[in-house]
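Chain naming follows the written order as A, B and C, and within any one chain the residues start at number 1.
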Amino acid sequence: MTTYAPTKPWQPTKVDIGKNVLGLLIALVVSFVVVQLTPMKGKLAYAGVLFISATVIQVGMKWISRGRMAAIDGLASSIAFTGSVIVFLPVVSILYTTISKGVKGLHWTLFTDSMENSSYLDPIGMGGILHAIVGTMYMIIIASVISVPLSILTALYLTEIKGKAAGFIQFLVQAMSGVPSVVAGIFIYAALLLNTSFRGSGITGALPLAILMIPTVTRTAQEVLLLIPNDLREAGQALGATQWKTVITIVVPAARSGLVTAVILGVARIAGETAPLLFTIGGSDKVNWNPFNGPQSALPYYVWKGLISGTPEAVQRSWTAILVLLMIVLFFFSIARYFSRQRMK
Amino acid sequence: MSFSSLAILTLIGSFLMLRGFQTFQSEGLHFITGFEWTSTVNDGVETSTFGLGSMLIGTLLISGTALVIGVPLSVLTALYLNFYAPMQIRKFMVTILDLMAAFPSILYGLWGYFILMPMAEYWAKLLYKYLGWIPAFSVPQPAFTRSPFVAGLVLAIMIIPIITSVSREVFSQTPLDRIQAAYALGATKWKMIKTVVLPFGSGGVVGGAMLGLGRAMGETVAVYMVLNIAFSANLKVLYGVGGNVASMIVSRWGESTLLESKALLAAGFVLFMMTLAVNFLANFIVKRAIKSGK
Amino acid sequence: MSDEMKDGENMSTANVTGSKALSDVAASRLRDSVPGNIPIGTGLEARNIHAWFSKHLAVEDVSLDFNAGTVTALIGPSGCGKSTFIRTINRMHEFIPGAAMAGEVLLNGEDVYARGVDVTKIRLKIGMVFQKPNPFPSMTIGENVLSGLKLAQLKVANKDDLMEDCLERAGLWSEVKDRLGAHAGGLSGGQQQRLCIARSLAVNPKVLLMDEPCSALDPGSTLRIEETIHELSKTMTIIIVTHNMQQAARVSDYTAFFLSDGGPGKLIEVGPTSEIFSRPRDQRTENYVSGRFG
């Protein structure tokens, strides 16, 4: 019995790969030479010339070996790749900058002090962001408490109950998802703070965040619920349960991790929101453990204030605070991905 | 319970309308078309003219710049990820894109101001030097920092994730039999993309671009940081002045008089209506593109 | 008879890997071991074709000669590898992630899998018509016919003449000559399929592969297409996969019977159509053509 091994004759051979590497090396040399000889300067110039020369060489090689169509195909794939690289670069830059600049402002009392007794202009070692962290924590908790039940119920209504108003509600959720954050802030201000005796506080700060959170959580929850196979629902109803009972006892537990993902995505979204807070949170420099009374702070607000103050110390504070904020957002982001991967299994 | 969404939305609209109504009453249509925004107090009497015109133009200018930069990059990335990238790179880039979507906008503002702006200034000067004869790229004075160009750049980066995501979804739904037909006729991968994928997906890309537009129009703090906000109807994208409605509201808020704050509320209402319209159109286009299969 | 087959299977040749050719003698003896496989000339020759989907072997050791100017029907129950086999001929099999193959496909004596071969050129010479008609919806009828030229950037002296010629040979000219500018989506299923045939003719293939081209069509269209196949076979080699045994009997000069017993698909018997249907040599062939299973 003869044995044939599976092969893939269409894949690039070692010779092909070698040619590509050679082309790349030539491109490196060319870009180095070009940059030395012309008035262009800087890392960007190197990178730009490198891309162009690498592309030209690869496309040229293809043209010689396979003709015009293959060369155009090669050009298209190079351009697509370049586009992706360009998209990738800012992310790297943002992460690198935030970490490198933010780290400089880390000190022991950062998490235990507030700005009650210091000013933004003081040297870095003084004061801290405790009030901002407490504030952000309150924002997240209050916004979630308000929006999560509403969102989940709305999602259940839209996917399970599908009542007569479903089309309209869907339409509204869609509309809400487009509300700019500043508009949500202004609305709460106009509704509760303008010409009233109320002043900005934790809860007024959290309300616009809840408005922003609802569409995110609702939409993700909907997607998650739609993935639950119908057999489960039919099984519940075959056992004689009403629709609501089926939903509560069977569908929701089955969708549990997905719903958690939806909530976490919503939290990640609003944890970093700044604009609405400027109108509604009051802005405090000291820790306020009462979210219902008295001005609050929050990490984004703290960052904002530092930027407005403008001095190098203040700006440094902003970088450090945004590093902390980024860590928090990334934390939620990773948890959400972890849960959604659990779901995939 | 879910009617709460209904309630909230209607409340937003009506409240802003009510509070800003005074401004509408005194200014009328002029609120939207006028270009002046002044408020003076003489002997306790406040006279004011509020016109959003320059900010509306600014909104369009920086959002338009963001689209011009962002859409091609998004489409290229979507094509690369769906048709060219090996599995590992695809997963990695998708994570990167999700990460981009999760970054707070104030972070983009900070980074945009301190890191991107010097580079953008350099590029703007280059553009001016070689392409300054085009009216859009000329400047009355050499002031290149905090220009609509920089704001457009930052916004482009912020909207790339959503446009890429929608484009990817539409491209992945290209009917396989058409793709096979093109290959069976001897097409290269690029020719196949050009003849089958792009015509099929163009509607979805447009929808995605409109979603990005909606996001860009409402962006506040990032724009505030990298743009010199002033009421000047500036169409010269490299010249350092401009604004959009959202950032204008924030910049005038701190010192606004009572009358002005009502005008700002009215401005918020106008912004709300604009983004609402764009988002509805966008969702409609995207749904239709994904469903119809042309 | 079955002893002969066993002999063939027990033939030990050198341990071969990849697409290295067997020695000619060994190759012809392997072919001869399959009942009825009289070498019927060159044109297109498949030697020892194996096809894998990742680890799963779908087609095992199929060798067939296709004489120029003949129609060969591939028959057999669903899932026995006929479609996979023809996709190894025009190198469409490799698009499936995880696909692998072994063996050779010789077009005019040259292996289409040889290193350095431009696969897009191969597909111009070996065309394919699919089960579900798939004209390009974004193009008009006329543009569809010429789309193969456009995809491969081929120049032709007179496009209109070519278009008319291809539509004529596909049996569609009289029905569409007045509406070449209409969109292809408005045609009936049978017309669309004939349009796809015309489209594949435009690039002048030597071989035309047809994967169950009539299974989605009504009997009237089916008959029209069978007439077309008969005409086309005067100038090219046609290989048609079909479930419909009557169609195979009507249309083909040679018939090859494939079967899979739960494992990989294998070629059981090949020969002139009349013999396969009236005096098949293998019991399984007889069972299938007399309808005892399938």
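Heads up, the rule we're going with is that a residue touches a chain if its C-beta (ideal position, glycine included) is under 8 Å from a C-beta of that chain, and two chains touch if they have at least 3 such contacts.
Predicted, not measured: the structure shown is a model, and the values here were computed from it.
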| item | value |
| --- | --- |
| A-B against B-C, pair bridged by the larger set of C-beta contacts | A-B |
| Chain of greatest Cα-centre distance to chain A | C |
| Rounded Å distance, chain B centre to chain C centre (Cα mean) | 52 |
| Centroid distance [mean C-alpha coordinates] between chain B and chain A, Å | 17 |
| Per-residue multi-chain contacts in chain B, two or more chains | 188, 191 |
| Numbers and ranges of chain A residues touching at least 2 other chains | 69-70 |
| For chain C, residues contacting two or more additional chains | 120, 152 |
| Chain B partner contacts - residues on chain C that touch it in the complex | 90, 92, 95, 120-124, 127-128, 130, 132, 134-138, 147-148, 150-152, 196, 199-200, 203 |
| Partner chain C, residues of chain B touching it in the complex | 175, 177-178, 180-188, 191-192, 195-196, 199-200, 294 |
| Residue ranges of chain A touching chain C (in the complex, touch as defined) | 1-10, 13, 66-70 |
| Chain A-facing residues of chain C, complex | 9-19, 22, 30, 48, 50, 52, 61, 91, 94, 99-103, 113-115, 118-120, 152-153 |
| Contact footprint of chain B on chain A as seen in their complex | 44, 69-70, 72-73, 75-77, 79-84, 86-88, 90-91, 93-94, 97-98, 149-150, 153-154, 157-158, 165, 168-169, 172-184, 186-187, 190-191, 194, 211, 214, 218, 268-269, 271-275, 278-279, 300, 303-304, 307, 318-319, 322, 325-326, 329-330, 333, 337 |
